[in-house]
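The first chain written gets the first letter, and so on, giving A, B, C and D; residue counts start at 1 in each chain.
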């Protein structure tokens, strides 16, 4: 069975989404267990795939039994072998943690919610695992459409914010499709590895250049890279907490994976960094993204919105790292995909818990929360330390690689931006801690019986959160292994 | 905003014009796109899948995995529309007056707040903006719908030999139900195709597709490799591929049919399911 | 001049697709009405489909459905040059479906926005948000 | 391929697209969008993409237009641009 893991990984969530959808009409209580089982299988196969890749190298899975350029094939190498378990595990933990929140927010629509959730995970896993450029577009649209549905159920402003996201997301996906069309017209192929094989004689072609630029702009739109980030903060802020803690950690990170995949596999680093002279400009854009993200986060008086601007800044980290054009920068970017997915999950789950208990996430709602929700706030401290980049947590190590990459590329602006953003993060989070710790709990909702006592979120929400916090530290401690055994092989040897 | 829009538009346009210069000439038989992959599809489809319509063969077999997700996309659009718009009876705000229509005579009555009609088969609840459907349109559509549906079934069944297939047929079949809903009123249409039925059919359609693929997996071949079905269908592997394509096309047809109705019902009645277009 | 004309004529489908795409893109960015933006989005998507279909065209070829019979000449040899490239058609079938799915979701969102604010004009909605 | 028809339809496509965006009435815009889709469908059938044309005829010119009209019916016809 283990040679069928690539198919199971995507097909099990898809099939279970359909079953959940039917179960939603029959008996709502069945939805959650089916979803958990399906994502459990998906996470299991993702980890199994990673182990197989470590053991045997690249796996090729032919769908429908047709060999690659004719049919669609899955390629699992070290790069997506690493990203897959992250996506599957983040989705799995978030699913378990949000059971109560979902029941609280959508008592009537549990079935559709889990259906969309599973379809979204299917889409994201499919994007990561596929080796076909057009298949990626279809999966991109699945992830996007379900994402719009999930995000639009929230506060009053959520539909408008999501509609703006939909316009931008559609333009992004269409640009990607157009880029694939340009590649198709000059090479005649849709398979990523095959395109990479056919491209080298065409590196001077204007069509290839345009294809690359269009693809990149499309992917940047989808990941909210700086001038194109305007849709993200509102869409993520006004959404319900179960959806935003799935989408905020995963969607931007998966899009960064797509960008790195396009750079490393489809267009090859020689073309991107040697033939084109764009990398310096893009890194400067990333610098602006980081600085603007940090500054805009400072201006917010609202925890969730502040975190969304941090997401924008983190996108800048990864794009900048990937475009530095050297091994350390790329290592940092790939490592940061893993770390950032986990730490964004951690902080957004904290917001979820706070919303569940306090029904708000503005700064004035946070007063006295250290006394009220000690475990949740403890996890926030670890998540914040990771975002700032304090040593035992994982955020430190990826930032370290990014800074080393910036120095060896001689790009001191990027290094300065990284340090500046870390310092701003310190300010941001200590401001939050100050409010949560020192200011007494404000009883403005008037239905709290124990103003000074502990009133933690339910155990089913706190335990997954603490697990994520522990994972943050563990990943930090095992960074060396991850880099030496996985990421090192994910980057082609031609890149130094 | 208009100026920014113009600038962005012209920048994009300029980039595309610039790149179009390097394209192979239009309709050139020697262009890479026409010489690299497509000859294989054109020349080998008949012997590998025994389906004369190459588009159908490539759609449902060579790139069947794409099509499965295409069906999943349309399914998720249906679920999203339901998830966003459908208003459950609990959340619905009560209007001041309730309107009822006598089914046989078409006489409408209004009851003030607090008064409810006892449930009976003779009266049905309607919106205040209800207008009686026109007799000519009603009869005309009633005459057209069976032929539309027959054509849709033909399109699905004949997708191997002529343009068409599960998707087009499903849309036409769905359109016939939408026509019913437009020409009569949504309540009539919903009575025939209840919401629960539609919701389940959507999932069942995609399930037929994905389930066929999973069945191939259980029969020890790769996902969606229809030749695995040869043993079950008692035919040779090539014909099994042709039959496999038909099975999944039917699945696509069911899913699309149900989703089109579902989306239409939710959008036209804004989730209230009583009166619409 | 004749060079320019021959270039325009040789690839005029590509020019039309670019024009349509620019129209759509401008509408998404600059239009004020939410439904108009959705119309623009659809024009944008169809323009890309037009581009793909233009790739598939082949001079002197016919539609990609094989002629077949059940008689003795049922197994005649098929020449690739006689048929249009089918692959872009397949891709675009998928893209059309994705387009209508996006359209459905976008309209559902527009209805929800209208329910909340009672208007579809973006500037009026933003003014309402600012007032609150 | 008859180039006169081709050219006429290409022009009509662009006209319908601009019209759909310019007309100051959303119902009119949806109907013009339907005609745009139908012109597109004719264009593709001229190019020999019969399956795509068939799909566009049923989806773009058919169901999409109905969905547009239904949404306009549920919201408003008014538009400033």
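To be clear about the criterion, a residue touches a chain if its C-beta (ideal position, glycine included) is under 8 Å from a C-beta of that chain, and two chains touch if they have at least 3 such contacts.
In this text, all values refer to a predicted model and were calculated from it rather than measured experimentally.
Novice: Considering A-B alongside B-D, which chain pair is linked by more C-beta pairs in contact?
Specialist: Answer to which pair has more contacts is A-B.
Novice: If you average the CA atoms of chain A and of chain D, how many Å lie between those two points?
Specialist: 37
Novice: Can you work out the whole-Å distance between the CA centroids of chain B and chain D?
Specialist: Each chain reduced to its C-alpha mean, chain B and chain D end up 19 Å apart.
Novice: Distance between chain A and chain B based on Cα centroids, please, to the nearest Å.
Specialist: Result: the chain centres lie 31 Å from each other.
Novice: Would you kindly tell me how far, in whole Å, the mean C-alpha position of chain D lies from that of chain C?
Specialist: 11
Novice: Mind pulling the residue numbers of chain A that touch at least two other chains?
Specialist: 134, 138, 141, 145, 148-149, 152, 159, 184-185, 190
Novice: Where in chain B do residues touch at least two different other chains?
Specialist: Residues 16, 20, 23, 31, 33-34, 37-38, 41, 53, 55, 59, 63, 66, 70, 73, 76-77, 80, 84, 163, 167, 263, 267, 270.
Novice: Please output the residue numbers of chain C that touch at least 2 other chains, ranges allowed.
Specialist: Touching at least two other chains: 12-13, 19, 21, 25, 54-57, 61, 63-65, 87-89, 91, 93-94, 97-98, 100-102, 104-105, 107, 109-112.
Novice: Counting only chain pairs that touch, give me the topology of the graph as line, ring, star, complete or other.
Specialist: other
Novice: What does chain A use to touch chain C in their complex?
Specialist: My answer: residues 134, 137-138, 141, 145, 148-149, 152, 156-157, 159-160, 162-163, 166-167, 170-171, 174, 177-178, 181, 184-185, 190.
Novice: Which stretch or stretches of chain B touch chain A in the complex?
Specialist: Residues of chain B touching chain A: 15-16, 18-24, 31-38, 40-41, 61-66, 68-70, 72-73, 75-77, 79-80, 82-84, 86, 88, 90-91, 196, 199-200, 202-204, 206-207, 210-211, 213-214, 217, 221-227.
Novice: Spell out the residues on chain A that touch chain B in their complex, using ranges where they run on.
Specialist: Listed in rising order, the residues are 4, 7, 11, 14-15, 17-19, 21-22, 24-25, 61-66, 69-72, 108-109, 112-113, 115-116, 119, 122, 126, 132, 134-135, 138-139, 141-142, 145-146, 148-149, 152-153, 159, 182, 184-190, 198, 205-207, 209-211, 213-214.
Novice: Can you list the residues on chain D that touch chain B in the complex?
Specialist: 50-51, 53-55, 58-59, 62-63, 66-67, 69-71, 73-74
Novice: Flag every residue of chain D that touches chain C in the complex, lowest number first.
Specialist: Touching chain C from chain D are residues 10, 13-14, 17-18, 20-21, 26, 29-30, 33, 36-37, 40, 43-44, 47-52, 55-56, 59-60, 63-64, 67-68, 70-72, 74-76, 78-81.
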